[in-house]
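One chain, chain A, links the two complexes that follow: it is found with chain B in the first and with chain C in the second.
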Partner chain A sequence: MPELIAKTALAGKKLVVAGTTLAEIDHGAVRSIAPYPGQELAVGQALLPLGFGFPAVNSFAEKDGALIAWAGREQAFLIGADCPDLGGLAAVTDQSGGWVSLSLQGPLAVEALARYVPMDMRLAAFPVGAAARTPLYHMSMVLMRVAEDGFRLMLFRSMARTAWHEIEVALKTLAARAA
Partner chain B sequence: MRIPCPLCGSRDRREFYYYGSEDYLKRPSDQGSIDDLDNQLFLRDNPAGVTRDVWYHEAGCGAWMVVTRNTVSHEVLGSELVAKKKGA
Partner chain C sequence: MRIAGKGLIDRSKPVNFKFDGKTYQGFKGDTVASALLANGVKLVGRSFKYHRPRGVLTAGSEEPNAMIEVVGTSNQTPNVRATVQEIFEGLNTRSQNRWPSLRFDVMAVNDMVSPFLSAGFYYKTFMWPRAFWEAIYEPIIRRAAGLGSLSGKHDEGHYEKAFAFCDLLVIGSGPAGLMAALEAARAGVDVILCEEDRLLGGRLLSDDAHLDGKPAAEWVAAVEAELRACPNVRIMPRTTVTGAYDGGQYSAVERVGLHKGPRPDLPRECFWRITAARTVLAAGALERSIAFPMNDRPGIMLASAVQSYLNKFGVVPGKRVTLFANNDGARAVARQLMAAGVSVAAILDSRSDASAVEDCPVYLGAQVTDTKGRLGLRAISGTHVGGEFALETDLLAVSGGWNPTLHITCHLNGRPRWEASLAAFVPLADAVPNLTAAGACNGAFDTLTCLTEGAAAARAALAALGVAAANAALPTAEGMPYVIAPLWQVAGKGRAWLDFANDVTTKDVKLAAQEGYSSVEHMKRYTTQGMAPDQGKNSNVGALAVLADTTGRGIPETGTTTFRPPFIPTSIAVMGAGGRGAGFAPQRFLTSDQASRDRGAPMIEAGLWYRPSYFPKPGETTWLESCNREIGYVRGAVGVCDVSTLGKIDIQGKDAGRFLDLVYTSMFSTLAVGRVRYGLMLRADGYVLDDGTTARLGENHYLMTTTTAAAGLVMRHLDFVHQSECADWDVRFISVTESWAQFAVAGPQARALLNGYLDQPLGDFPFMAAGTVSVGGVAARLFRISFSGEEGYEIAVPTRYGEALFRDLVARAETMGGGPYGMEALNVLRIEKGLITHAEIDGRVTAFDIGAAKMVSAKKDCIGKLASTRPGLHGPERAQMVGLKPLSAQKITSGAHLFIPGADLSRVNSQGHISSVGYSPMFDRDLGLGFLVNGRARHGETVRVIDRLRDIDVLAEVCDPVFHDKDGEKLRA
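After this line comes the complex of A and B, so read on.
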C-alpha cells in the first residue's frame, strides 16, 4: 500500500510582526473524547498514564508533548498522543485532519485576539492554563492560554487561511498604529 | 447583553442562539389531548417580568440552557443546563 504523507493546513507557516509570532503548529493526532453519561471519572482514570485526567471545564493540561483540552460540554480533545482504549467509556473520533493549530505569542497577542474574540481576555478572567470555546470572528475555535502573552488556537482546517489572514491584518494594523 | 453559560461563564449574547420559550421542553404526554399539544406548540404567555427561555451556546461549548431574565428590567437572573434537568 502506498505511504500517504500527512500535510498540515498551512505547511508550517510563520510570521513575525513587531516581536509577536504567529505560527502554525503541527498538532499530530487529535482525538475527540466524549465520555458516555456517568463515565467521566472512568475516562479520567484511563487517561492517567498520559500524565493527566479528563480536563475540568475551561481548562487544558500538558505533559511531555501531549495535551488535553476541554472542548465543550462533556468533550475533550487529546492532542499529540496515542489515545488509550476507551471502549465502552467514551465516543472517540479522529479529528486530526479537521483542525489547524496556531500559536500566537508576543506583546501584541492579547490585543490582536481582542479584535475578534468576544470574551474577557484579561488575565484575571482568562488565566494561563485556561481553555475556552469562543469564536474568532465568526469561526469556531478552541482557545488556550499557554502564557501571559501566549495562546494556542484551534480552528476548522477549512478556515485556516481566513483565520491566518484576520490575525495577520490585526497584528500589522496594531504595529502600524504604534509606529 | 451578556448571558451566563453554566459552563463557560459570562459571555457575549452574540455567542448564543435563541430558541424560544421553556415551554418547548415541556412536551405533553402522548396520551394527552390535542389541546395540550396545541398549547405546547403554539400558545405562549407574553409576561412583563420574569421569563424563561431556551438558548444554545452555539459559538461556545454547544450546551443548551434555560436562561431566566426579566423583560421589564432586562436583568439576566441565571441559567441552567437543559441536560441537568430531570426528564429533559
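After this line comes the complex of A and C, so read on.
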C-alpha cells in the first residue's frame, strides 16, 4: 500500500530578524463554513461547544487551540478543530491544504505589514481579535491580529514562497533602516 | 567660504566626496551644493538649450540649475538636485549636459547662435523634409539639448513602498507646521509630520529668527524633543509629500538611503501612501527671482538661498555681496551677512520709496541691467534714482518676492487666487477636502502669523475630529509686515531668464504672445517654460506676469498653468518599488514543482502558475523530441500530468443545481450523483466565457472546474450572478483550487495503473463518472474525464499529499512504459482530439462558432442565452471552428490567416485564422484548429494559410476539428 507523505507549503520554515519572528504554522484542519440564508444563528449554536459562535464581520475568536475567523461575506474558517455536523445549515469545505498560515510576531510586525497591506492597522482601527480579507501586496490574505505586535496570516498555498519572500524583504529592510 | 560659528553642520565630521572626478571635503550635514560652494566651486552645470554656465540658485528641491548625476556601483541617477543631495563618504557625482567638460563645453556654441534658437525654433526650422524629423533632426536635437544621462542598465537598486494612516497629516515643519503638530500631538491624535529637509524647522533655521527671545533653533529643538516623546507622533524627515488624491490620500517620497550610500537591504527611497483624516499644509513659500538682463550667471542666487547657506551651512559663496530686491526681506539677509563679517557692496532696492538706512550703501529705485563674468559673476551695472551704477561683486542675492507653496492644493483641480497685496497666488480654502493651508503657503509671510495659523489650523482639525484642543501657547515672535512692490522684469539689451532649467527668457514669452500663443497654457507649451524638472516652481509666476504685461491683461485674468503631482521629480523606480522582475506578480507553484524541476523540466508561465513544459531525457536535443515521446506515453501506455491549476469551485446548497442551470448553457440539475458533465458558460453578452466539467458529488453538492486562465474570472462571474440575480437562493460556493492537488492519468494503461495503486481496484467506473477512492488511506476524488482522447482519469488528493502522489504516479507510470507529460504534449493531445482552450474561446467566439449551439439548452434560460440569439452571432457568415491539415508536411502557425487559393492576399479577403497548432506524431504533420467563415460547411476544401510575420504560405485541408477517435471509442474503453 502506498504511503503518502503530507507536506505543508513551507515545511515549517522560520526566520528571525531583529527580534521579529516569521514562521509557518501548521494549521491542521481548515474548514470553510458558509451558512445558508437565515442559518447563521443556528450555525453559531452548533459551534458553541467549541467555545465560540459564528464570528462577526472582521473578527476572529480562539479557544483551546481552535480558532474561527471571519473570511469573507457570509463565510468563516474553522481552524484546528473538528467541524460539528452542520448538514443543512451551512456549506462546509475542506480548505486545509489550500492555505499557508504564517505567524508574524515582534516589534517590526506592524511596520512590515504596512509595506504591503493598504489597511489602517492602528490598534483603534484593527484591534487584537480583528480579522480582515485584505491584500498582501498582490496576494489575497486573511489577516488576524493576535496581539498588539502579533499577526496570523493566511494566504494561498501556491503563493507561499512569494509571500514569505515579500515579508522577509520587508523585515530586512526595516532592520537596515534601524541600523 | 565658511563662516566660523555658523551653520548646523557637524564640523567634527569631515566628509569626502567627488564632483567631476575631483575630491572635495565638506562636513556631515552638507549638501553637495553647500559643500561645493564652501569649496569655492560656483560653476556646477550647463543649461538645457544654450549650454550656459550655471551655478546654484536655490537651497531647496526647487533648484533649476545645480542638477547632477549621482554615480553608484549599480545605479546612475540623473537630474539630482545638488541642493538636496546630502554628502556622504564616497559619494560620486558629476555635472551633466556638457562635453567634453563643464568648464569647456563645445555645445556652448548654441549660446552664440541663441538669437536663432528662440521659442518655436525647432517647430519652424525642422518642418521639412518631413521624413527627416524622426531620423535626423530629433536625434541630433536630443543629443544637443538635455539633462542627465541614464546608464542604459536596469536600476537594480532596492526601493520600498509603504502605507501609513493618521488623524492629522502635517506637511512641512516650519513655524506653522511645528505649531500644528504640537497642538495636535498634545491633544492625543495620531500625527504624521513630513519634512522635506533632514532637519525640522523650515525657514526658522534659515532665517536665524528669534522665538521667545532665544534663537529659533532652540525652540525647534524643544518642540522636536516633545514630539519625539509622543507615541502618537511620527516624524518623517527627508520626506516630501508629492501629491494629494481622493479620500484624504497623499503620496510622499522619503529619501531613505540616498544620503548614506549603498548598504545591504537599505532602500534608496520609500514611496509612501498616507491616508489622513485631516491635513495641515504648511509647506512654506519659495522665493522668486527677477528677470533682469543676464541674470543667470553662476554667483547670482536667491537672497533666501544666500541666507540658508549662511545660517544652515555656514557658507557664504562670495567675498563681496550685493543684494537686489523689491521687498524688505533682503534687508535682513544683508544685516546677517554684515554681522557675520561679510562685505556687502550695496543693497539695490527697486522701490524708490524704501528706507535707505543700512550699514551699507543702498540704491533706491535700482535695477540691474547687465552682469559680467562668464564662469562666475564679476560685476554688475544698472540704474537707480540717482543715475547709473557699476559694482564689482561676486555674489548677487536676488529677491523678487515670495510664492506660497500651494501646489498640493491644486492637485484636485483647485485654482489659486491672486492676492495683489502679496503679488502672489494664494490657495483657496477647501481646494482639497479636509486640508487647511497655514503659514507662508497660505500667504502669511511673518513668523508670528505662521505660528498662529499653524495652531489655528490644528485646532480646527481637532474640532472636526471631535477632540478637545490643548491650546498650546505660542512663543513670542516677530510680526513684521511683508512689503513688496512687484518687479517682474528689467528692460535691457541682454537676455533675461525666467525659466533657468529650460532656458526660457522674457523674449521667448513675448514672442509666444506675438505669435498668438497668448493663453498661459499655450505659452507654456510653445516656450517649454515650466516643463523642466522644477516644473516652473521658480518661473511660473514671473512668466505669466511677463505674459500679462505683453498681452495687456492682468495677472488674475492670465491665470496659472495647472499644478499636477508629483511636487518634486520622483523616480519611477520608487513608484514601482518591489515590482521589478519576479516581483511583478506572485508566483504560484504546484506541489509537483520540485519533482518536475528535479527532472530538468523547463517551466512555462500559465497565468501566475509555473507548469512543466516538457520533461527532457538524456539524448534528447530538442523539446519536440521530448514532446513526441510524452505524447507516445498517453497514446501508447500511460502519462501523468499535474492539472491542479485548473480552477475548482465547490458549490453547495439546495439551489446549487438551479444555480448551475443559470450559469451553464446546459442542464446540471438533472445530472446524476456520481457523474460529470461538460459545461459551457456564456457572458451576459452571449459570447463564451469559459468551459469545464462539473461533477455532482452529492444531492446538493457540485464541484465545478474551470480553465486555468479563467479560474478567477469565473469565480468573479459566479459571485456577480449570485449577488445580482439570486442572492436569496440556497447556494454557497468557494474556491477549492488550492485545496486539492489533481493529476491526470491518461492512456490505455491508465486503469491498470490505478488498479495497482489505489487501496481498492476500480469497479464499474464508466466515462464521465466521479467518485471517492482511497490512496494509502487518504481519501481521494476520482473523475473519469479526458483532455487527450484516451481513457483518462483525474485523481485529486488534499494538497499536502500532492507531491507524494505525483512522485508515486510517475514512478508507477514509468514501470509501465509511460511517464510524466508536460504542457507541450498536453497541447498536442487536445488538438488531435479537437478540444478547445482559451486560444479558441478568445472572447469573440459564440457557442455556435465552436459547434456547441446544441449545448444551449432550449428547456431553460441561462446567462447570455438571449443575447446569443442576436443577429450576427450565428449563421454562415460566422467564422466557425474547423480542423486544418496541411496538404504536405509543412509548418503552419497559430495566428496565420486563411485565404481562398487565388484570392488577393488583402485584409478584407481573410476568411479566418488559426488559433492553435501542434505537431502531431500520429499524422506526422502539423495540425491546426482555427476559425473559417462558414467553416463547418466547407470540410474538404483547400485554403491557403498565410502568416506574413513568419513567412508561412501553405495549402491546408479544412476538416472536422476532431482528428483522433471521432467516435470516442477510446474514451469509453
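Heads up, the rule we're going with is that the second predicted complex is superposed on the first by the 176 of 179 C-alpha atoms of A that agree within 3 Å, B and C clash if a C-alpha of one lies under 4 Å from a C-alpha of the other, contacts with A are read in each partner's own complex, and residues count from 1 in each chain.
Note that in this section a residue touches a chain if its C-beta (ideal position, glycine included) is under 8 Å from a C-beta of that chain, and two chains touch if they have at least 3 such contacts.
Quick caveat, the model's predicted, so the values are computed rather than measured.
Participant: Does the superposition put A:T93 against chain B (first), chain C (second), both, or neither?
Facilitator: second
Participant: Once chain A of both complexes is superposed, is A:E3 in touch with chain B (first), chain C (second), both, or neither?
Facilitator: second
Participant: Determine, under the contact definition given at the top, whether A:R133 touches first (chain B), second (chain C), both, or neither.
Facilitator: Touch status of A:R133: first partner only.
Participant: Give one of first, second, both or neither to describe whether A:V57 is in contact with chain B, with chain C, with both, or with none.
Facilitator: So A:V57 only meets chain B here.
Participant: Give one of first, second, both or neither to describe whether A:G150 is in contact with chain B, with chain C, with both, or with none.
Facilitator: A:G150: touches no partner chain.
Participant: Count the residues of chain A touched by chain B and by chain C, then name the partner with the higher count.
Facilitator: C
Participant: Touching A:R122 in the superposition: chain B (first), chain C (second), both, neither?
Facilitator: Only chain C is touched by A:R122; chain B is not.
Participant: Between chain B and chain C, which residues of chain A are contacted by each of them?
Facilitator: 75, 118-120, 125, 138
Participant: Using the touch rule from the top, collect the residues of chain A that touch chain C in their complex.
Facilitator: By the definition above, chain A touches chain C via 1-8, 32, 34, 36-37, 74-75, 90-99, 111, 114-115, 117-122, 125, 137-139, 156-163, 166, 169, 172-173, 175-177, 179.
Participant: Residues of chain B touching chain A in their complex?
Facilitator: Counting only chain B, the residues touching chain A are 7-12, 14-15, 57, 59-63, 81, 83.
Participant: Where on chain A does chain B make contact in their complex?
Facilitator: 57-58, 72-73, 75, 118-120, 125, 132-135, 138, 140
Participant: Give the list of chain C residues in touch with chain A in this complex.
Facilitator: Where chain C meets chain A, its residues are 158, 160-165, 190, 256, 263-267, 273, 275, 578, 585-591, 608-609, 650, 652-654, 728-730, 732-741, 757, 759, 775-778, 797-805, 808.
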